[in-house]
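The data blocks that follow each hold one structure.
In the two complexes below, subunit A is the common chain; its partner is subunit B in one and subunit C in the other.
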Partner chain A sequence: MSEWIEACEVDDVDEEDVIRFDHAGKTFAIYRSPDDEFFATDGLCTHEKVHLADGLVMDDIIECPKHNGRFNYKTGAAKGAPVCVNLQTYPVKVESGKVLVQIG
Partner chain B sequence: MTPGMVIVGAGECGARATLALREEGYDGPVTLIGAERHLPYERPPLSKDGMAAEAIGAKVIADAARLLEARIDLMLSSEVVRIDRNARTLALGGGRVIPYDKLLLATGARPRRLPMAEGIGGCVYLRTHDDAEAIRARLRPDAHVAIIGGGFIGLELAAAASMRGCRVTVLETQPRILMRGVPAEIADIIAEAHGRSGVVIRCGVSISEMTADDSTRAVSLVVDGARIEADLCIVGIGAVPNTEIASDSGLAVENGIRVDETMATSDPNIFAAGDCASFPLVIYGGRRVRLEAWRNAQEQGALAARNMLSKGEQHSAVPWFWSDQYDLSMQIAGLVDEGVTTVRREVGADAFILFHLAADGRLVAASGIGPGNAVARDIRLAEMLIARGAKPPGDKLAASDTKLKSLLAA
Partner chain C sequence: MENEMTAATSKTVRDYSLVGESSRKAVETGLASAEWYHTDVPRKAIKELMQRSDGPAIRDTVIWFAAILASAVGGIYFWGTWWCVPFFFVYGVLYGSSSDSRWHECGHGTAFRTRWMNDVVYQIASFMLMRNPTQWRWSHARHHTDTIIVGRDAEIAVMRPPDLLKVALMFTGLLDFRYSLPGLFRQAFVGLNDEEKSYIPEMEHYKAVVAARWHVAIYIATVALAVYLRSWLPLMLIGLPRIYGSWHMVMTGLLQHIGLADNVVDHRLNTRTVYMNPISRFIYWNMNYHVEHHMFPMVPYHALPRLHEMIKHDLPTPNPSIWHAYKEVWPVLKKQLRYEDFYLKRELPPTAKPYRDEYHNFVIPAAAE
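This part shows the complex of A and B:
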């Protein structure tokens, strides 16, 4: 059963930035895009299990802090070497200043 | 059918180049020739987490299925002995002749050998997965491991061996570790971490003698006149580019196979990239360098592939490399020795970045260290500033509360 989990406050994430969110033994990354929308993906890079929340967000791309693997965090699409496996994405909604993630 | 593209060297650079040819839409034959028996794999873990782990494992760059799908003709355990540039063919060790339209030399580098250690079985080097397996098997708890060379390979292996329960002594002839390309402030942090782990680092030493016990493979060293006994001696004193097949065929060699900004050698049908190639760094006014770095191998492999397809693209990447030791990770963007002044920025409580500025105020390098990936994001932003020749104000760089991203917009 998938449920909506409160990940953080809206103000916890700067625009064009990312934070880490751990829940039930898994780690996720919560993004705020330059146009002020929120997104969520798995928190670890598919290349070497590095926390993406330490990486850099530029437009709709998250770049792994270790080896510069790049993903579109809105779609999860891997954008070339060294990553070739896409990121899992999760639905996100904002309600009364809180960011909720649907983790199934 | 045309002979197509041939790539010599199935490491990071060669493997990325073959994949890049297909990504660029090239449809002709692609042949990848590797000296090792393994599928192309990533080398960085061999001295880092792979060596410290229970099993080294192998991180394959492209597995057999992916290579098949990309129609890459992979030839492993194959040695190229000669290039005939007039006939545009390669001769393999077994006598086979391979024709090419365009050739990429991604032959990499090999460990620099220590003359004193020749013939001493207890003395080993690290380059390949097989080398790593052999070393790993001998990192038994309480074994005494002597490591000659306080560079990245030596220090990463020292950390891994220490984490495996070995007693470790690092011997460096220079006055400090990481003399080449790493600021003293960062080298000091790394040295302290080794000290906490019980690794003994001795700098400025002179090693006068080395003998071996052939039955136990133990090595006896005389260091500054005093004898040291080691169960295993690892030599990590740098690498030598594999340029022989290039120079034998008359290609220009200058601390590596000499290429231009497009990775072309002195023969327009032959390219070289990665550890084996020396190239002009456009961002430093064409200074000729050779980089032994994972990301450089990838980027140059892909760039060479595009230019084998006549894209005419120039190299523009900023050099970048990293090292992991214990819980620390160091990252450097740019070449530190291009800087004349340094600005320090604290990143949280236990991490910092040094920004290296040229006389005219241009940011030319950034080096940082901290636990985990504490400095990664700021180093990446610094890399972008370096790439565009930015002259960010020193007080802004130093101020932890100024976001580096805001300087990119300036």
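This part shows the complex of A and C:
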């Protein structure tokens, strides 16, 4: 069953940035877009399992720190070599200054 | 002595094939796709350095294309006289050497902020270099995952024991030409070989073949034009600069890793930063800051000098010049002819974090002993 998990405070993530969130043995990436919306994806790149939280957020894109593979973090879509497999995304909501992710 | 020269006690035989014994052992021991050392840099600072902008690369690309055009016009105008030589000298370096750094930076997607700009320059530079743009994107990803890991890295320029004749021939461009052009023809008409298939995912195979066919078609058209005109001029402009203009790329590129350790997972040990003159840095797009680039491949070329200033306390002292670096490399290569395990161990400044055993103690014979 899916449940809403508190990932972080709103202020923990800078605008146009990403942080890492670990939960129940899995790692996730929490994004704050330039227009102040929050998103969540799996935390590891689908190419070689590197933490995306060390990468760079540009507009809708997260760029992986290892080989610069790019994903759209809103949809999870892989945007070309060397990433070919899409990222899993998760629903996110903000309540009372906290970022909640639906995991399940 | 600033750097210590080191030889391992037991002799290893390296198998550089990507599908051979060294490759198998690297995977088995965890040396492949391992965790690499990174200098600690606060997130805020590295984020600032990673920021992309189109400005610097547009400026440099306009200068690059303008210089290519101007030298080509000069070469064509003076064709048939000795005056064409300096023009083709410049044209050759811009075509056969600068293209390598443009290919590299745009392949990482860090030169421009705008994706299509990276892609366009990447395709043009790949063509100039006779490199299959799809194949080389993947080989370079592997180079970053497994830098100078024997049997894994597809871009080890000088293998051990070093073949000095081969190294010398590299400067003429003939060696690369000898492999790259027939390679493109083979890919266009026969397909990818097993080594290429080992690092290019299946879904990209067809794309690689199509790219090879485009390159081959342009070369055939250029040869046809040369025959029709009964002149070498078309080939001097397209194709041959890959030979006569690649010496600068080889001179700077060889220094990236040559003579240093292999099978270690700390770029401070297997990669070299060299201070270079401004012209070489323009041609090479700051890739002389090579340790920095490998540690943080997301930092664009124009921010590498700033990154260098930020982390140099944790890196070996850079070589002060190209000449100095070759003077350091030459005795190592000579010694490796007899003891291929011999390498140059980089000394760290007292301010650096020491090399950590867990990053270097992979007891892995590169292949069967």
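Just so we're on the same page, the second predicted complex is superposed on the first by the 104 of 104 C-alpha atoms of A that agree within 3 Å, B and C clash if a C-alpha of one lies under 4 Å from a C-alpha of the other, contacts with A are read in each partner's own complex, and residues count from 1 in each chain.
Everything below uses one rule, namely that contacts are C-beta pairs under 8 Å (C-beta built on N, C-alpha and C of every residue); 3 or more make two chains touch, one makes a residue touch a chain.
What you see is a predicted model; the values in this text were computed from it and never measured.
Asker: Touch check for A:R20: first (subunit B), second (subunit C), both, or neither?
Answerer: Neither: A:R20 stays clear of subunit B and subunit C.
Asker: Touching A:K74 in the superposition: subunit B (first), subunit C (second), both, neither?
Answerer: A:K74: touches no partner chain.
Asker: Does the superposition put A:K98 against subunit B (first), subunit C (second), both, or neither?
Answerer: Once the two structures are laid over each other on A, A:K98 reaches no partner at all.
Asker: After the superposition on A, what does A:H51 contact: first (subunit B), second (subunit C), both or neither?
Answerer: first
Asker: Would you sort A:P65 into first (subunit B), second (subunit C), both or neither based on which partner it touches?
Answerer: both
Asker: Quick check on my understanding: which residues of subunit A belong to both its subunit B contact set and its subunit C contact set?
Answerer: In subunit A, positions 48, 55-56, 63, 65-68, 81-82 sit in both the subunit B and subunit C interfaces.
Asker: In their complex, what parts of subunit B are in touch with subunit A?
Answerer: 16, 19-20, 23, 42, 59, 61, 294-295, 298, 302, 322, 329, 372-374, 376-377, 380-381, 405
Asker: Which stretch or stretches of subunit A touch subunit C in the complex?
Answerer: Residue positions touching the partner: 17, 47-48, 55-56, 58, 63, 65-68, 70, 79, 81-82, 84.
Asker: Name, in rising order, each residue of subunit C that touches subunit A in their complex.
Answerer: Residue positions touching the partner: 33, 47, 50-52, 108-110, 113, 115, 134, 137-138, 141, 144-145, 201, 203-204, 296-298.
Asker: Can you list the subunit A residues touching subunit B in their complex?
Answerer: Spelled out, the residues of subunit A in touch with subunit B are 16, 48, 50-51, 54-56, 63, 65-68, 80-82.
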